[in-house]
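Same chain, two partners: chain A is paired with chain B first, then with chain C.
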Partner chain A sequence: MAGFLQQLVEGLGAGAVYASLALALVLIYQFTGIVNFAQGEMAMFSTYIAWQFTVAGLPFWLALVLTLAVSFAGGMLIERIVIRPVEGAPELTVVIVTVGLFIFVNAAAGWIWTFLIKDFPNPFPGGAVEAGGLSVGYSTLGVLAVVAVVMGLLYLLFQHTKVGLGMRAVAANPDSARLVGIRVGWMLALGWGLAATVGAVSGILVAPLLFLEPNMMGGVLIYAFAAATLGGFDSPAGAVAGGLTVGVAETLAGAYVGFIGSDLKVGVPLAIILFVLLLRPQGLFGRAVVERV
Partner chain B sequence: MRLSPIGCAAVTTTLLLATAACGGREEAGTGATTAAGQCSGQQTTGITDTSIKLGGIYPLSGPASAYGDIPKGIKAYFDYVNAEKGGIGGRKVEFVVRDDGYQPPKAVEEARRLVEQEQVFALFQTLGTPSTTATWDYANQRKVPQIFVATGASKWGTDTAHPWTIGWQPNYVSEARVYAQYLKQERPDAKVAVLYQNDDFGKDLFEGFKRAIDGSGITVAAEQSYEVSDPSVDPQMRNLAESGADVFLNVTTPKFGSQALAADARNRTWNPLHIVNNVSSSITVLKPVGFENVQGVVSAAYYKDPNDPQWKNDPEMMLYFEKMRQYAPGANPAVPYFAFGWAVAASFHKAMEAVKCPTREGLRDAVRSLDNVQVGMLLPGVTMTTGADDGFPIESMQLMRFKGERWELFGEVIDTRKEFGPLTN
Partner chain C sequence: MRGPAEVTDGPARTDAPARGRALARSITPVRRRWIAVAVLLAVACSLPFQLVPFRVFQFTMVMVYAVALLGLNLLVGHAGQISLGHGAFFAVGAYAAAIMLDRWDLPYPLTLPIAAAVAFVLGLALGLPAVRLRGLYLALVTLAIAIFLVPLLKRFESVTGGSMGLTLAKPAPPAWTGLAEDQWLYFLTLAVTVLAFLLAHGLLRSRVGRALHAVRDNEAAAEVMGVRLPFYKTLAFAWSAMFAGAAGCVYTWVIGFVSPDSFVVTLSITLLAGIVVGGLGSFSGPLLGGLFVMFVPSISQDINDAAPGVIFGLLIIVVMYVAPTGLAGLAGRVARSTENILRKE
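Let's turn to the complex of A and B:
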């Protein structure tokens, strides 16, 4: 039983990581209707920036704040330069642009920082809380706490600020929002900036565990997609719930379902994506799109 | 080698080389030439009395680009030999390097370019099992030697359908045998937990290990595989830790090697003897984990580590440092990949000196009849030997243990040929 609970806790820890990246995916989708395939790579690039700051001798928390600021600006810039020109183009065009962005950011990181792995300082202490035969690492707790805080902040932003209200208005109906005087372009850029910031948090959380290198987020992105699909692509809370579920499902399946083992573990998120799309395309927490004809 | 009328006749009558260039006229893709005299009919493309042209394919870009340092070490060696020794047997070596980004389709394209446009004498090193597998059919159809490929897959030696391809470094099965031999002596009733990459590389080493411990008291207590697309091997490491094994065999590529080393260090309740395979034994893998976390980890080596102070006054190592500074001024000679390149280039030098006919066929036969050839950059006691039934130049390794900030060699060189017999399929 202790073994099972331990696997459960580890699953939640892994799930929190997927959830953090899924949050970023969901943010962009909510405001722009775009699935950003480059989200993981942008997060990885932000993590490199944080790494560069710490190597330059800045304390971790200062480096973190600077990185989040740079990522926010970078996200807005990408929206302005790369996404704006194809705004309103067919979905396939936009998807291909984000895939191109994926390849570009990955190659750029490799070119600047090489493909050698780097160690990234862990903001959380190394020990673990021991209770009833369970051992929960401080870093697992830390990741869970950070994801909860990010969730809370996003909730406050959307529900209790004027900017948040404007962003929700743009998401609900861009044309009407423009008519009531909301600057839609800025709101979209803001959405990308926010998503890049949340992504940066995600990258910085996983880097101490996965080691920093340009392909670090590739695997995580697959799980984040599964999480976002499961939770519903337009629900931040759903993304977190989805992330935790995917993490636990993957860990338990790998440990207890004999024929899945480690070989088929990566198939778990894909199976989740498939079943959700078949049975409940809007996800657990998402709203089904209803169009009046 | 000049063309004789006989040579021309031989070429023109060969279907393969239908429009061969005689009388000095060469067209792209068909510039094949042949030798006269006792080597009559053998291919002399890419080699003359004063020059020899080689082509190598490496990932200079992309995720595996760290290996891109190897050709720089090779180039430095050839530049030194060309400038100070008059080349190999009077032939200046030209080494053309191509980038495949570790992508097999690109490797095929580059192999064609090297063979058909650059008219190289031989492919000297293709890096990586996937890229080499993609190109060896082509090289063997064209009868171009594919010499000392930079991968440890055992098929380069066990396969009989590709006589033009040969490896160099110890193959993964031999490496597995070295670890098995060590455990037989140190922990004859070891229970081993194995983490391996779920591809040719991981399975080659793991299967080799299982065969090597067959009939001994050593058992595999738990095995876990991972895919290169997995974000982390932490779940696998947890499952392995539950097995309570007292030895952990870490068969991984660099990123996952670091993750497994870190996971082992984090787990205070499971402290197995950690053996990490040669692929992940580089300092660049251990350093991110923290040197204090990898003390006592065991691995195996076959060439001299430029960071090891015991080679400080070694003549070959001194020559290496001096010539690297001279011919590759931007490179840091302490990086082992440069030393690897230097060692494999020196091995080619020895093999080329031993050819009976300066032809492609001559080189193919020479690398298959190496007899205890010594190479300065290899560890003392590690030599190159091949034969009709042995397609593996290096099959000996020495164990090393991580101490302080570097590897320390220990024990004797383990000759897996002697201990386990020849390696066959």
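Let's turn to the complex of A and C:
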């Protein structure tokens, strides 16, 4: 039983990371209807920026704040330059453009920082809390806490600020939002900036666990996709719930299903994506889209 | 259109510029295409006798990619469905051929139809859920499949050779041809490529092609016109997978080695980049894409390891903005404008 609970806790820790990247995906999807395939790579790039700051001698938390600011600006810039021209284009075009962005950002990081693995400082102390035969690492707790804080801040932003209200209006109905004087273009850019910031947080959380290298987020991205699909692509809370579920499912499947083991765990998100899309395409918390012909 | 033009030109047939014009007009676009294909084939047949073995190998690989891109073009360019996992079908074809050659010692010409059939069936199986998915969801699922394939290949070590892969003997040239190994492989690949292009060409000219275009351009309208959406979407997936599988099989012949690390998700993304840059939905797009996928990395790698990726990524985005028909579309545009200039003299 203790072993099972231990696996559960570790699954939640992994799930929190997936949840944070899924949150970034959902933020962009909500506003623009785009699934950003480059989300993971943008997060990786932000993590490199943080690494660069720490190498330059800045204390970790200052580096973090600076990185988040840079990521926010970078996300907005990408929306303005790369995504704006294909806004409203067929889905196929948009997907291909974000895949192009994926390749570009990945290679750009490799060009600037080489493909060699780098050590990333862990912001949380080592060691673990021991309770009732259960050991919970401080870093697991830290990751969970950070995701909870991000979630809370986003909630405050969306529900209790004027900007958040504007963003929700744009997500619900861009045309009406424009008519009441909301600058829709800027709200979309803001959405991308926010997503890039949340993505940066998830990259910084992942880096100490996985080592920093340009392909670091490739594996995480597919779990984040599964999380967002499970929770519903238009539901931030769903993304977090989905992320935690995917993390737990993956850890338990790896530990208890002998056939899956540690090497076939990647099959878990694939199975989740397939099942959800075939059985309940809008996800657990999403709204079903009714198409009028 | 044609009638009046002939009447006005009729009396002036005797002077030289008019004769030139008449000649230019007799070369209809269809004929021009066949002339271009004939010239291309002649050049292709002479290449292996002109180039060093390494270059011959590179052009062989261009054709391997072209066959795979032909499949992807069918799916993305003609049927409007996306796949970020076409490397998986390529890998399945490659592994099917490798296992047949390694375990069962089948003669290699037999591996091609079988590998293609295996990929076809797999494409059919995947096409079934794909029917319910559209756009980005399809992209997600296919991407996940491409990622999942690598650990799967490593897992079934007894069949696939695990991460060590399988090493095979390459097809030996028959003595009567007098060809070197690289030349023989080149001609084998050329034959498969020509066959694949003919097949795709025929397919697109048939009712299947028209149905696929209808699905791409407007699903609702296509359905109203009586196109069975699930049937044709699944079929597009299956055909497309078949071409990729055939390309994978030829890849195994040419390289003589398969390992899971040759088929990571980068391959799928490279293929997508190739067909986007080559030209979605065009006849020559797969070939141009093959040239692009083969030569751009090998040339730009000298600048920096990451340079191919930077160029791929930038080009995909730029092409989607300014030339959605890719290199093939650009080539077509250039050809048309030179023709117009020639006509005006």
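Worth a mention:
Note that the second predicted complex is superposed on the first by the 289 of 293 C-alpha atoms of A that agree within 3 Å, B and C clash if a C-alpha of one lies under 4 Å from a C-alpha of the other, contacts with A are read in each partner's own complex, and residues count from 1 in each chain.
We adopt the following convention: contacts are C-beta pairs under 8 Å (C-beta built on N, C-alpha and C of every residue); 3 or more make two chains touch, one makes a residue touch a chain.
Keep in mind that what you see is a predicted model, and the values were worked out from it rather than measured.
Partners chain B and chain C, once the complexes are superposed on chain A, run into each other and clash. When the two structures are aligned on the shared chain, A:Val266 is found in touch with chain B and with chain C. In the overlay built on the shared chain, the residue A:Ala108 is in contact with chain C alone; chain B does not reach it. Of the two partner chains, chain B is the only one touched by A:Glu10; chain C is not. In the superposition on chain A, A:Ile96 contacts chain C only, with no contact to chain B.
Contacts of A:Asp119 after superposition: chain B is touched, whereas chain C is not reached. Contacts of A:Gln52 after superposition on the shared chain: neither chain B nor chain C is touched. By the touch criterion defined above, A:Gln282 reaches neither chain B nor chain C.
In the superposition on chain A, A:Leu274 makes contact with chain C only, not with chain B.
Of the two partner chains, chain B is the only one that A:Leu209 touches; chain C does not reach it. Once the two structures sit on top of each other via chain A, chain B runs into chain C at 55-63, and not at any other stretch of 55-63, 109-117 or 271-279. Comparing which residues of chain A touch chain B with which touch chain C, the overlap comprises 110, 114-115, 214, 218-219, 222, 263, 266.
Partner chain A is touched in their complex by these residues of chain B: 61-66, 198, 224-227, 229-232, 234-236, 238-239, 242, 254-255, 258-259, 262, 266, 284-285, 287-290. Within the complex formed with chain B, the chain A residues making contact are 3, 6-7, 10, 14, 17, 110, 114-119, 126, 137, 206, 209-211, 213-216, 218-220, 222-223, 250-251, 254-255, 261-263, 265-266. The residues of chain C lying in touch with chain A in their complex are 76, 80, 82, 84, 129, 132-137, 139-141, 143-145, 147-148, 151-152, 154-155, 220, 265, 269, 272-273, 276, 304-310, 312-317, 320-321, 324. Those residues of chain A that touch chain C in the shared complex are 34-35, 37, 82, 85-86, 91-93, 95-97, 99-111, 114-115, 214, 218-219, 222, 225-226, 229, 263-264, 266-267, 269-270, 273-274, 277-278, 281, 293.
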